[in-house]
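The structure under discussion appears below in the form of C-alpha cells.
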Amino acid sequence: MATVRLWTDDDVAQDPAVKAVFDDIRRVRKSDFINNFWRALANDAATLKRTWESLKAIMGGEGALDPLTRELIYIAVSAANGCSYCIHSHTAAAKQKGMTEAQHMHLLAIVGMASETNNLVTAMQVPVDPEFLVGA
Amino acid sequence: MATVRLWTDDDVAQDPAVKAVFDDIRRVRKSDFINNFWRALANDAATLKRTWESLKAIMGGEGALDPLTRELIYIAVSAANGCSYCIHSHTAAAKQKGMTEAQHMHLLAIVGMASETNNLVTAMQVPVDPEFLVGA
Amino acid sequence: MATVRLWTDDDVAQDPAVKAVFDDIRRVRKSDFINNFWRALANDAATLKRTWESLKAIMGGEGALDPLTRELIYIAVSAANGCSYCIHSHTAAAKQKGMTEAQHMHLLAIVGMASETNNLVTAMQVPVDPEFLVGA
Amino acid sequence: MATVRLWTDDDVAQDPAVKAVFDDIRRVRKSDFINNFWRALANDAATLKRTWESLKAIMGGEGALDPLTRELIYIAVSAANGCSYCIHSHTAAAKQKGMTEAQHMHLLAIVGMASETNNLVTAMQVPVDPEFLVGA
Amino acid sequence: MATVRLWTDDDVAQDPAVKAVFDDIRRVRKSDFINNFWRALANDAATLKRTWESLKAIMGGEGALDPLTRELIYIAVSAANGCSYCIHSHTAAAKQKGMTEAQHMHLLAIVGMASETNNLVTAMQVPVDPEFLVGA
Amino acid sequence: MATVRLWTDDDVAQDPAVKAVFDDIRRVRKSDFINNFWRALANDAATLKRTWESLKAIMGGEGALDPLTRELIYIAVSAANGCSYCIHSHTAAAKQKGMTEAQHMHLLAIVGMASETNNLVTAMQVPVDPEFLVGA
C-alpha cells in the first residue's frame, strides 16, 4: 500500500495543474490509462510536472538511442536498484515497443552477468587499468 | 590496491589452466592486452574459466541484442551497482564498439532518470497496476 | 512472511530478557502497540536489547537534530536502501511527529533528485573537486 | 578520472546553451566557482539545463523544508547510494548552510542506524504491520 | 507476479535442453521439487544451463568452505542486495543444511552490524589505512 | 579524504570518553594499532562507544558462529554494499584469523554468484515458492 494518496480521476479534475499533466500524458501516450506512479506523484504538482517533462524528453523525444534500447536500459537500472514497480512497468513498455522474448532473456542474462562481475571486482578491489583512462 | 594478487604474465606462464584462459582471451579479443580483472580472477582458475566462458557467450556470441546495446546495458548496471572499475572498462569497450558521444550522454540521462523514478516509486511504495501483470 | 518467528505477547511473557525490552518500548512510546520488527528481533535477546538501546539514544534522546528531522533522514535512507517495511514504519512515525504532506512531498523530491545525481556522477566517474576537500 | 570530458571555461564559452546555464549557476550561487559535476554534464546541454533547473527548484527554491534539512537528506541518500563525490559536495554545502559538527555526527549516527535496521528487517523479511497501512 | 513465464513440468517436457537441466537438478538434489527460479530461467535454456552448472560447482561441489558456511554467505549477500526471493530460498537451504536458530540470529546480527559500519565509513569517507594494503 | 577529522593519539589524550574506548580497543586487540574508522568515529564519543561495544559483542564475543565465519560474512556484506574501506579492513582481519587463499577465492565466487542470481530473480520478479514459507 502506498505511503501517499493515489489520486482518482475525480481528484485530478479538481486541480488544474495536475489535470494539465494528466491530459498531456493521455495525449502523448494516445491512451486513457494513467498508471499509479503518476497518481502518486499528483500529490506534488511541481514534481509531477517536472518528472513528466523529463521522462517525455529522455524516453520519448528525439535522441541518439532508439526507443526500445532506452527501455532495455531502464529495465536494467530498475533491476539493479530493486524497484519492483519499475521493472513491471518498463517491461510492459518494452514489450509494447517490440521487445521479443529472446531480447528480454538476453537482457536478463546481461543484467545477471554484470551484477556478478561488478561484485567480484568490488570484492577484489581491482584497480582500474591505465589503458581505460586514456582519452576520457 | 587489490585484496588479491594481480597475476603477471610470468605468473600465468606457470599455470596451464590459467594460461589456457588467457590465451583464449587474447585470441578472441585479437589483442595482447589483458586487463586487471582477469589478472585478479587468475587466483582461482575455476572461477576464471567459468567467468570468461559466460562473458564470451553473453557479450560476444550470437544473440538477440547487438554488441553495442549489450555494452550500454552493462554500463547501466555497473553504474547502478556503483562499480567504478566496471564503468571504466565497459565504457572503453562501448567506445570501441562504436558508441558515439551522443549515445553515451543519452545513456547517462536514462541511468539518472531511472534512478530518480526508482527511488520515488520506492519511497512512495506505489502498488503495481494490474494492467502491468497481464500476460506476463 | 518472515524468515524468523514473530513473538506474540504470550511468547514474550516466558522470557524475562525479552520482556524487559518490550516493557521499556511500551513505557518510552507510551503505547501498548509493539510492531513486528521487535517481535522478529525477540528471537535474539541480545540483539533486541542492543538495537532498542541504540534506537532510543539516536532517535529519541537528546541530540543536535530535532525529532522530525531525524525521521526524515531515516525515511530517506530506508528508501535508498529499498526497505519497504522501514519506509512504512518511519513514514508513520514522521506523521506522528508532525510531518505535513508538503514536507513529505518535498522529502520525496529530494530523495529522487539525489538518486538521479548520485547515479549521474557515478556513471561519469566525476573526480572530487579539491575545493571540497579543504578543511575536512 | 571521468569517463566524459570536463569542460573548461574556454570550452563553455564556445557553447551558448551551456554558457547560459553556467552563468545562471554563478548568478544564483553568487560565486565564480563551478564544480566538476556541471563541467561533466556540460557534454549534454539538455541534461545540464534540466538537472540544474530541477536542483535549483528542489534545493534552492521555496519549500516545506528548510535549506539545511534538505542538505542533510541529500547527504543521507548519497551515503546510502555510495556516491563519494556527492557526499563530499553536499557535506561542503551543508557546512556552508550552517551544519554544526554535532549535527553532522548525529546525521551520521542516523544513517548508520537506519542502514542496520534496514538490513535486519530485510534479512528477516518482516511483514508490514497493518497499523502502518492505515490512512496512507 | 513474474515478468516471464514460469514453466510447468508439461512445458519442460517439450524442450529437451531444459528437461536435461531439470533432470539434473532433481538428481543432484535428490528431490522432485523444482523451485520457481529455475522455472523462470527455463525461458532461456542457455542461461538456465550455465546458471545451474555454476551454482552446482560453487555451492555444491568440493571447496574450501563447508556447505553451511556457503549458504550463510549467500543469505548475507541476498539481504544486502534486497532480494526477497533469494533470502527465502537460501534461508530454507541453510536450515536444511543444519543452520540452528542461534546461528541464524548471529548471522543476522552480523549482517546488520556490517551494514551499519559500511554506511558510517562511506558517509565519513574514511581513507584506507596503509596497514591494510600490505601484502595484498 | 574524510569528511570528518581523523583523531590523532594526541587528540584522543584530551578526551577521557574517547580515550577509554581507544584503550579498550588496544586491550582487546592486543595491539597498539588503531585504524582510521575509530579515529573518524572519535568525533562522536557516544557513537564511538556504542559501535565498539556492538562490534566487540557481535564479532569478538561468544557466539554460534566461529570468528572466521563471522569475518567472511562481514566481507560479503561489505562487498555487496560497495564499501571499499570495509572490504580492505575485514579482508585483513579474516587473513589474521586464518583465512586461506582458497577460502578467500571461494568466498568471492559465492559473492559473485549470489549477486548474479539476486539480480536475475529481481529482474524476473520470481514469486516466492510456498514451500519456502513453511514453518518460518
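Of note:
A, B, C, D, E and F label the chains in the order they appear, each numbered from 1.
Please note the rule applied: a residue touches a chain if its C-beta (ideal position, glycine included) is under 8 Å from a C-beta of that chain, and two chains touch if they have at least 3 such contacts.
Just so it is clear, the structure is predicted and the values come from calculations on it, not from any experiment.
The set of chains touching chain B and also touching chain E is given as A, C, D, F.
Listing every chain that touches chain E and chain F alike gives A, B, C, D. Most remote chain with respect to chain A, judged by CA-atom centres, is F.
Centroid distances built from C-alpha atoms place B farthest away from chain C. Work out the mean CA point of chain A and of chain F, and you get 34 Å between them. Mean C-alpha position of chain B lies 27 Å from that of chain D. With centres taken as mean Cα positions, chain F sits 20 Å from chain C. Listed for chain B are residues 1-4, 46-47, 51, 54, 76-77, 79-84, 87-88, 91, 105-109, 111-120, 122-125, 133, 136, each touching two or more other chains. Taken as a contact graph, the chains are fully connected, with every chain touching every other chain.
On the side of chain F, the complex with chain B involves touching residues 82, 87-88, 91, 101, 104-106, 108-109, 112, 119.
Partner chain F is touched in their complex by these residues of chain B: 3-4, 43-44, 46-47, 51, 77, 81-83. By the touch rule above, chain D contacts chain A in their complex via residues 1-5, 46, 50, 54, 57, 133, 136. For chain E in complex with chain D, the residues that touch the partner chain are 75-76, 79-80, 82, 84, 87-88, 107-108, 111-120, 122-125. If you check the complex, the residues on chain F that touch chain E are 1-4, 6, 33, 35-37, 40-41, 47, 51, 54-55, 58-59, 63-65, 69-70, 72-74, 76-86, 88-89, 91-92, 100, 102-103, 105-107, 109-111, 113-129, 131-133, 136.
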